[in-house]
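The structure under discussion appears below in the form of structure tokens.
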Amino acid sequence: MPDISAAVIGTGFIGTVHIGALRRLGIPIAGVLGSSATRGADRAAALGVAKAYASLDDLLADPAVTIVHVTSPNVAHYPQVKAILAAGKHVICEKPLAMTAAQSAEMLALARASGLIAAVCYNTRFYPLNQHAHGMTKSGELGELRLITGQFHQDWLAKDTDWNWRLEADEGGPLRSVSDIGTHWIDLTSFITGQKPTDVMAELATFIPDRQKPLGPVETFTTATGATETRRITTDDAATLLLRYENGGRGVLTTSQISRGRKGLLTWDISGSKASAAWSGENPDALWIGHRDQPNQILLRDPSLMNPLGAAASALPGGHAEGFADTWTAFFRQVYADVAQGRRAPTATYAGFEDGHYEMQFCDAVLESARTGTWVTIR
Amino acid sequence: MPDISAAVIGTGFIGTVHIGALRRLGIPIAGVLGSSATRGADRAAALGVAKAYASLDDLLADPAVTIVHVTSPNVAHYPQVKAILAAGKHVICEKPLAMTAAQSAEMLALARASGLIAAVCYNTRFYPLNQHAHGMTKSGELGELRLITGQFHQDWLAKDTDWNWRLEADEGGPLRSVSDIGTHWIDLTSFITGQKPTDVMAELATFIPDRQKPLGPVETFTTATGATETRRITTDDAATLLLRYENGGRGVLTTSQISRGRKGLLTWDISGSKASAAWSGENPDALWIGHRDQPNQILLRDPSLMNPLGAAASALPGGHAEGFADTWTAFFRQVYADVAQGRRAPTATYAGFEDGHYEMQFCDAVLESARTGTWVTIR
Amino acid sequence: MPDISAAVIGTGFIGTVHIGALRRLGIPIAGVLGSSATRGADRAAALGVAKAYASLDDLLADPAVTIVHVTSPNVAHYPQVKAILAAGKHVICEKPLAMTAAQSAEMLALARASGLIAAVCYNTRFYPLNQHAHGMTKSGELGELRLITGQFHQDWLAKDTDWNWRLEADEGGPLRSVSDIGTHWIDLTSFITGQKPTDVMAELATFIPDRQKPLGPVETFTTATGATETRRITTDDAATLLLRYENGGRGVLTTSQISRGRKGLLTWDISGSKASAAWSGENPDALWIGHRDQPNQILLRDPSLMNPLGAAASALPGGHAEGFADTWTAFFRQVYADVAQGRRAPTATYAGFEDGHYEMQFCDAVLESARTGTWVTIR
Amino acid sequence: MPDISAAVIGTGFIGTVHIGALRRLGIPIAGVLGSSATRGADRAAALGVAKAYASLDDLLADPAVTIVHVTSPNVAHYPQVKAILAAGKHVICEKPLAMTAAQSAEMLALARASGLIAAVCYNTRFYPLNQHAHGMTKSGELGELRLITGQFHQDWLAKDTDWNWRLEADEGGPLRSVSDIGTHWIDLTSFITGQKPTDVMAELATFIPDRQKPLGPVETFTTATGATETRRITTDDAATLLLRYENGGRGVLTTSQISRGRKGLLTWDISGSKASAAWSGENPDALWIGHRDQPNQILLRDPSLMNPLGAAASALPGGHAEGFADTWTAFFRQVYADVAQGRRAPTATYAGFEDGHYEMQFCDAVLESARTGTWVTIR
């Protein structure tokens, strides 16, 4: 892809994942921007990236940069994305897109006005069998969709000594399990079914109200050592949600970051009038398809057995396990093809800013529902 | 067990299961009572049971009968159980115990006053690993219980041509998936955790409002043929429920009788502050135990590896699969030991009428919550 | 079944299983014969069986006894079965049928001459999905059978302090893992495929040559306590076998009684020219069916989805787990129907004495192959 | 890694995988060499690689090239590797290392004499849980290793219309399923256990003796179209093997390329005197650990729960699936660290030429055993 170079904001866990995927695709990385100039320089050296920008302005002033990946903490997405779009550069932003729906509405409007590619990192869409499932519902193989259930359970915040910036509302937003992992599930199942929930009934739970915050820095998915201070936590360790869909379908989602033994168990299960389907992120290369009048099926990821959407997202033949890292290459491959064309293809299946904005509206509705104990319409 | 003989009311699918379990335990069966005298006689002959009673009075007048199993349609439980208790006979009643909580309250009061054994058929408690899990929570192995999720999904009513008496409210009650299978899940998880939900938020769905009712008789779990008439159905094909527990724990349950490919998928998943546990009725001889700081565990049913509760419910050594039929022998073994003693043992783990009454209260709360769209306290 | 009564020789683990299955079917049990008159009387009382015979002669003299179940140690099968047939009674004998092929040849000849029903207890055939798989190969659904692999792994003899009479060659025969569990696999896969191996290449291993034998009695699947003496063991803890089939197919079997964590893992996997199939005794209600050009299938046990053979062996509708105990009722139901008719039905699928004799020939060939390190033809 | 550049010979399926992994690691790719100059140029353009060499000489003359990846058909490995070593460049060669043990012996001698890094692509060692399992056996967690069983089953050559160069002995060598996938299993289990088989008893099967060879070119894992000619095939569609280990342990391996539904099912199962372990390539992020006196365990890939070897091979935290592509980055990361140091580290866990040579000796022994029907010592 000639003349396309990327810059990456954020050099933590997920920024590193972005860099690996870009490299695998052969896309030049112009440079990275760290949380500080020093940190950026250290990480650039460690990652073998040629340049560390001193600031966002510095980055945006680099004419080599065609597109910017935003992997900074949630609170920074809004100002950074606005600046990136204003600079005329394409953008791939981590989820959640913003801290509030007001922010994301503005970002969506700016993106639309700009005509630039504006993607949100709901990468789980790009497990090939999730693309395949999207194709199945689109072609009517499952019939009318009736019941959509699932969960996203983790255990990395199961102890009161576990710490991450997402725990505190002022850095990660008032929601945690819902916004950090629940929106992945909502986006994924909305993508697969072609339907977004219209109403939500939510219950939030903070089972560990007091946590020990380390006085030093902490990387995501790592455990800190050293001195700590006790902090009162208001964000949700777990959430239980009922959903209503436009077609009369019903849904249930549970999110948890305190379920010991679940390292990242994302599952969905869809009951349709003609057939059912289910998938688990613990075994992402297998899709269960349920029948009433014939044996159930297990589709192992295999381009020769998948519909064109599933096959297009597959990097490997059947019998060669794909994983999390592979979703990013499939995702970025599609985005960069659009960047090369200068516009989003009608067949594109990655999340855009309208999807990212919906997730913010969904989070707002969850907060209101949990506060009022009633069903809330998402708008 | 000298001098103990059983009679069984109902000779359909579940009545036959009761008879098989009684025989396996070597308990004499004095006779059966069918839905009609003719039907009873036919079934008695087919099952090799010596006697078919002409009526309930006939049955209750038989001095050989020590205990009566009630497996008739739900609507008959209340009058039959009252008559049985009045006749001074012990009773094992199928779930749901009654059609309304008012009925079950009366039945509970009568049972208590009688001093007779009064059990309700929540047989899934007697999968040995469910007994083991009950022992685990009791001894604190899971710590404080935080999140309890699961489902009971079937597909035997997935088509509009599927018919069963439970579909119509006047025979099965106003609820269907909740009362028929949801209460199994509520009872099972309440038994395991030692906690009953205090509040419920429910959503009911009837995805197939019009069904074809055969003009002739239909057995449960079979498909009818012949002429039909269209009936408007108001009972729930599926339900989605949020739960609150006394200790601050949260729960989610989904019930469905229209999920193609799920022949009877009963699962539960409990996140505790120390460990997690999960179980599936599709693979009942395996219990998943989840950990944060060590590998997860799979306990295969094996008396040498289980706590005393689990071992006591096991009929076979490890490596020899147990199933649905075995739960009934474990259940009845405990009940009949109590019958022999004349009172419920303090260590008994089968559901009593207070459990059956709670389920009726639960169902009432579900109905109210679904109607009002608000959380309802179960009382 | 009028006028049919059973007697059971042996009152240990498997004898008790026989009694439970007979009762569930409503078949009268005339009496039991224990390893001694005292033991027999004690066990009869514990099991609630009316009579304990003083001796085999006593049992055979009972005119009420139509059929005798032989669940004594292997060494007793030959003389007992001969006497039973001579007494004109039908017989169901535990496997292995005899100690040598010479014995089993004689037993087979006697059975044939007698015209009596003579069954061997390869009960795993009666997991309903194994019956279904037999139907699949018979109808050609898998095509030409090419590769048959599997295992039977246990861990109940994994320690040098584990003891059972099967360990010593003079009581259980010169083979152990092969004869005790390997023949189950050979019989099961031969039944399913309709083909018996013609040649075998075997390797036997005794990993624990010295074991502690308790000076007191030990029940199968239990651990002894008390004083012990060291015994040199020559029987196989494990065996690895290559197989050739008449049609050019190849097979592999591994048996082990020392594989920690495997409580009784019996698996088979068949590759055919049109499709594949696989099954595991740890999850007996699921059959995997493999395809090249379409998704694989999982058939959950469900009479409405199975062929007539599978449906006939099912006691329960789909969604209700069946297990080890249920195989015995399905097995005995078929045998007793034949007893009632006075001859083996052409459609019968239980193992007869010719199958039991083949297993003895198979064991002889295994011993010779292991001694010579060469392929040996089974005859 | 300054001053290190790679060249890749072969631009098919596996060559592309190498290139993706090198890029992800940030290693410069100097150029590729195709099967012809034209093909090389086309593939270089498609892959975005800057240069296509005209010939091996051209490649070896490039001073920028530090290390050469050999992914050409098996028959080319020997001459190419000799030339690469003679040119003083490090080498990573696909398996099998050569066509004969005589070739591989010479290659091993040359590699040793050169002092250069010489790796063989047994990438499955680098599934992190396989590294972890190696650490477990090394530290004695499993005790004495007794029984090692497993399989590598595929279905991509299940039809007589499936074609690949490996089918013909003169291009792929006289063995096929054994050399192409069986050696993966032998290498993997030898790595994990620290023991190589000393003797083998092998049976080879060619179930589809006549196949349709396309007259045009075919990519691996793709289906050709167009005109064909019938070719007589002598290489093995499947093989069944018994193994003996130096410590008295026994093994069984089955290989198959005709097992419908198995897209690439590589499994191993090890029974040790203290514990067991098992793994499947279909679910590579889970390791089963078997116990006799406690519940079995499932270790989900998670650096915080793994030993240092397993953690070092992990690219991602727990809960983020790793796959086939990730094994290559873990593998190459280790090799390139050694290249940077100029010598193989004592802690290196990738296969060297001595491992590649052993596999050739193993294949020779398999051929001899299959021909003679006897056990053959591997030497």
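So that you can tell them apart, the chains are marked A, B, C and D in the order they are listed, and the count of residues begins at 1 in each.
By our rule, a residue touches a chain if its C-beta (ideal position, glycine included) is under 8 Å from a C-beta of that chain, and two chains touch if they have at least 3 such contacts.
What you see is a predicted model; the values in this text were computed from it and never measured.
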Contacts common to subunit C and subunit D (chain labels): A, B
Chain separated most widely from subunit C, comparing mean CA positions: A
Option in A-B, A-D or B-D whose residue-number contact pairs overlap C-D by over half: A-B
For subunit B paired with subunit C, centre-to-centre distance based on mean C-alpha positions, whole Å: 34
Rounded Å distance, subunit A centre to subunit C centre (Cα mean): 53
Distance between chain centroids, defined by C-alpha means - subunit A, subunit B (Å): 41
Subunit A: positions in contact with at least two other chains: 262, 288-289, 296, 300, 304
Overall pattern in which the protein chains touch one another (line/ring/star/complete/other): complete
Sites on subunit C touched by subunit B in the complex: 1, 13, 17, 20-21, 23-26, 47-48, 154, 156, 221, 223, 262-265, 281-286, 300, 302, 304, 315-326, 329
Contact set on subunit B toward subunit D in their complex: 287-289, 293-300, 304-305
Contact set on subunit A toward subunit B in their complex: 144, 146-147, 149, 151, 153, 155, 158-159, 201, 203, 205, 207, 237-238, 240, 242, 244, 248, 250-252, 254, 256, 258-262, 269, 271-276, 288-292, 296, 373-375
